[in-house]
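Both complexes below contain subunit A, partnered by subunit B and then by subunit C.
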Partner chain A sequence: MPDTKDHIVSSFDKELRTIHEIIIRMGGMAENQLSDAVDALVQRDSAKAELVRKEDAKIDALEEELEAAVIQLIALRQPVANDLRAVIAAFKISSDLERIGDYAKNIAKRSIAINQMPPQKSVTSIMRMSRLVQEIVKDTLDAFSNSDKDRAIDVWHRDEEVDEMYTSLFRELLTYMMEDPRNIGACTHMLFIAKNIERMGDHATNIAETIYYLATGERLEGKRPKGDRTAFQILTPDDGEGEVEI
Partner chain B sequence: MPDTKDHIVSSFDKELRTIHEIIIRMGGMAENQLSDAVDALVQRDSAKAELVRKEDAKIDALEEELEAAVIQLIALRQPVANDLRAVIAAFKISSDLERIGDYAKNIAKRSIAINQMPPQKSVTSIMRMSRLVQEIVKDTLDAFSNSDKDRAIDVWHRDEEVDEMYTSLFRELLTYMMEDPRNIGACTHMLFIAKNIERMGDHATNIAETIYYLATGERLEGKRPKGDRTAFQILTPDDGEGEVEI
Partner chain C sequence: MSYAMDMQNYTTQSETATSEPKITARDVNVFYGASQALKSIQLDIGANEVTSLIGPSGCGKSTFLRCLNRMNDVIENCTVEGRISLDGVDLYNSGLDPVLLRARVGMVFQKPNPFPKSIFDNIAYGPRLHGTVSNKDELDERVEKSLRRAGLWEEVKDRLDKPGTGLSGGQQQRLCIARAIAINPEVILMDEPCSALDPIATAKIEELIDELRERFTIVIVTHSMQQAARVSQRTAFFHLGELVEVGETDRLFTSPQDDRTQGYITGRFG
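On to the complex of A and B.
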């Protein structure tokens, strides 16, 4: 019965495409949320930050919609092998995108606090780091749309650049805190904002790994060059160059 | 053919039980990793911290094992309705546990850096917070083992206590930083450790939500009391009480 078989295959493909469209929408929203959250910080615009906080619920709702679609697709089409892997991959990717959205929301919250303190010098570095991560998220979504494993590898390597920016920003912020204790409150929020952006990069990298695994059946993990060494950093006012890497 | 039907049902149940056993193992390991990472900090034991860093790979490996088991179970048994939801729930829970493991690893890394600095006063507060989260993780796993929705609700509410401890620790650490800039390096690591533990609590809460949803078909989200207000905190040396909640 080739007709029935074709019919089943095309129904599956059509429903998987619907799931992929949800992912693309989630990804676009997550990208915008990051951009708007950092704009709210740079422009000291707390109203914009409030908007970002509220918008996050839409990404969460899309994740729930995707979960329901995944369960329905598996139950109705009973996919196996690569088809099933593609569905599970979509499920994993949506949870990474939802987390990226959460981090944007957290940045928005913190920018509301920072907007009530004196302007911060590190805002420019945050903006630069955020632009890089936005590009990476965008490229990850392109790699996903085109099942492009080479682009996935490219994205995966660029996370190192994010980690390096984060490490440098971490040192910059600690230096400001040491220079003047009045900076400590705002710089602490900036540290967490930087960490949030760095974590967004990690989630984009997770997505790249999922795309690569789906395309090749092999795992990229374990080969990633790690640029973020701040967990090992020792920096004191007496010892400004005292970075110890273990 | 009632026999065949029974046979299929019991195969599914057996395989789902195998997946649940992986989750219980992952959960036990994540709990130990948190406990050992904080011990490494409290006892200033960098060798123990190194061990925690290495052990994390075992949790990651279990997550991959679980993913493979989930894909195989869906492909072979083609579960629908609640059975399918139970499999997807297991998949989600494993990813929360893997993240809890990652946070423990990050605490271990940071404790290696902190062990090279003077002893920190806030270690006791970190230990208290970590014990609470260990209990919560343990109770979450119990709720999971027994599909106990009431226990899941209980765990879910206790996350508020974690958030409150975190908020208080956040203020404590900022105060130490302001008192003496030489504390800034170590206190920054302590801030991130506290945040990691707070995030572990959030993942336990996610697991509780998944258990509740599976048991009742309803979502707990949106009803959670949020105790962590630090993203809104404004604290300066001039204005020690200047916490603004927006």
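On to the complex of A and C.
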């Protein structure tokens, strides 16, 4: 807990600590789920993928537990100032982490499908991208446990890297699909997996914004870093590629 | 105090000044004998808004409130230094009659204290004393209007001749508010007006405060931080005779700037 000064009512501190600990646990689980889901894909291990699918229920359960704790604390303690920010931040962060868990589950499901098909070249790029997002998620959680606004800002900026990787993976996958239509099935799954990982990065960015608010009481100003240009991208079979700005 | 020091005070209490101040307090020091109860207070009370004063017991908030209508004059050994002005007129050094001042700056106390008279006479007392009504019809009208504004009319219109002390605690407090507004003050000071009331009566007073601020400038001392948060637009936090922080109520309760404010409002003090 960043604020070391205790409340006069000690049970209040205990409740805040519980909320903080649930977030840390959820974060650790979400991080593991992502890493296991991508391992299952890389190692073509469907049993592991199945496990990831099942484990997601635990993150969902923690989110419910956290919601109940937050609602109870607001009803009984009427928190203000940094206490209020801590509680609201936990509430928001838990839903971001829950979504990250959902994306990991979706990756696991798709990897079970992909394992029925021939090995895919793009797996290496997916692995690289997921490693970056894992790092970002981990740093976000560290920033949370220390209410570290500088680290939060750092994480916030790194989402741009993820977006750039996603854009390049998008091109790569389109190329494979054009090379051989038999790749389309697997590559489409791969594309969704990449999108899932990219969305996880966005949620980590949300969390970073929440941490900044938690630490300072102010909104993180400025335009959100954006490197995902796939929404404007066109790639044609005769390789006449270009970007269209809308 | 030098100009530079003065400016420093302004920056640490960044929201000391409001754009439309009704009351302005500058460098206010108050002593009870040798002990200093308020230390160099700089605070503006904005017109037609509710300012709440919060802080632990003995922090000086009630002392400050009492300075605003010179209630401290009646306390022996109490000396007030500095400048407090109402609409730009110095309250202490301009030969202002304290009795007339209190007609402009009314007060409601912690414990409802109706006069041992009828409900009607409780309200009529002030207008009669100050001669602000010229005949019985005007007086009747004033009494009804005051009771209506205080949200009490419907409850007491059929028993105006009954003693005010026979009302419930919440009704008595609204009677005191009606009595205060009967003389058309500009400012109403409230010293913990709800601390002796149940939650329903408290809610009625809070609703009333919100309506009254259209016409009056209100300063309220309260021990309930939730009440300060609910009724006021600006909140000032006092501690050990100092004004630690003042600002927009919603800002002060979500992102206080001073650690002492944060410690107090979150219940970490001590």
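Here is the rule we use: the second predicted complex is superposed on the first by the 228 of 246 C-alpha atoms of A that agree within 3 Å, B and C clash if a C-alpha of one lies under 4 Å from a C-alpha of the other, contacts with A are read in each partner's own complex, and residues count from 1 in each chain.
What we mean here is this: contacts are C-beta pairs under 8 Å (C-beta built on N, C-alpha and C of every residue); 3 or more make two chains touch, one makes a residue touch a chain.
This is a predicted model, so every value here is computed, not measured.
S.K.: Touching A:Ile112 in the superposition: subunit B (first), subunit C (second), both, neither?
M.R.: After superposing on A, A:Ile112 lies in contact with subunit B but is clear of subunit C.
S.K.: Let me test your reading of the model: by the given contact rule, A:Met177 touches which partner, first (subunit B), second (subunit C), both or neither?
M.R.: first
S.K.: State whether subunit B or subunit C is in contact with more residues of subunit A in the superposed arrangement.
M.R.: Counting residues of subunit A touched by each partner, the higher count goes to B.
S.K.: Quick check on the superposed pair: does A:Lys195 touch subunit B, subunit C, both, or neither? Answer first, second, both or neither.
M.R.: So A:Lys195 only meets subunit B here.
S.K.: Can A:Asn82 be said to touch subunit B (first), subunit C (second), both, or neither?
M.R.: It touches subunit C, and subunit B stays clear.
S.K.: Which parts of subunit A are in contact with subunit B and also with subunit C?
M.R.: Looking at subunit A, the two contact sets intersect at 78-81, 84-85.
S.K.: Please name which positions on subunit C make contact with subunit A in the complex.
M.R.: The touching residues are 225-226, 229, 253-256, 261-263, 265-270.
S.K.: How about subunit B: which of its residues touch subunit A in the complex?
M.R.: Checking each residue of subunit B against subunit A gives 60, 64, 67, 70-71, 74-75, 78-81, 84-85, 88, 91-92, 95, 106, 109-110, 112-113, 116-117, 174, 177-178, 181-182, 184-185, 188-189, 191-192, 195, 219, 221, 231-238, 244, 246.
S.K.: Report the residues of subunit A in contact with subunit C in the complex, numbered from low to high.
M.R.: For this pair, the touching residues of subunit A are 3, 5-9, 12, 78-85, 216-218.
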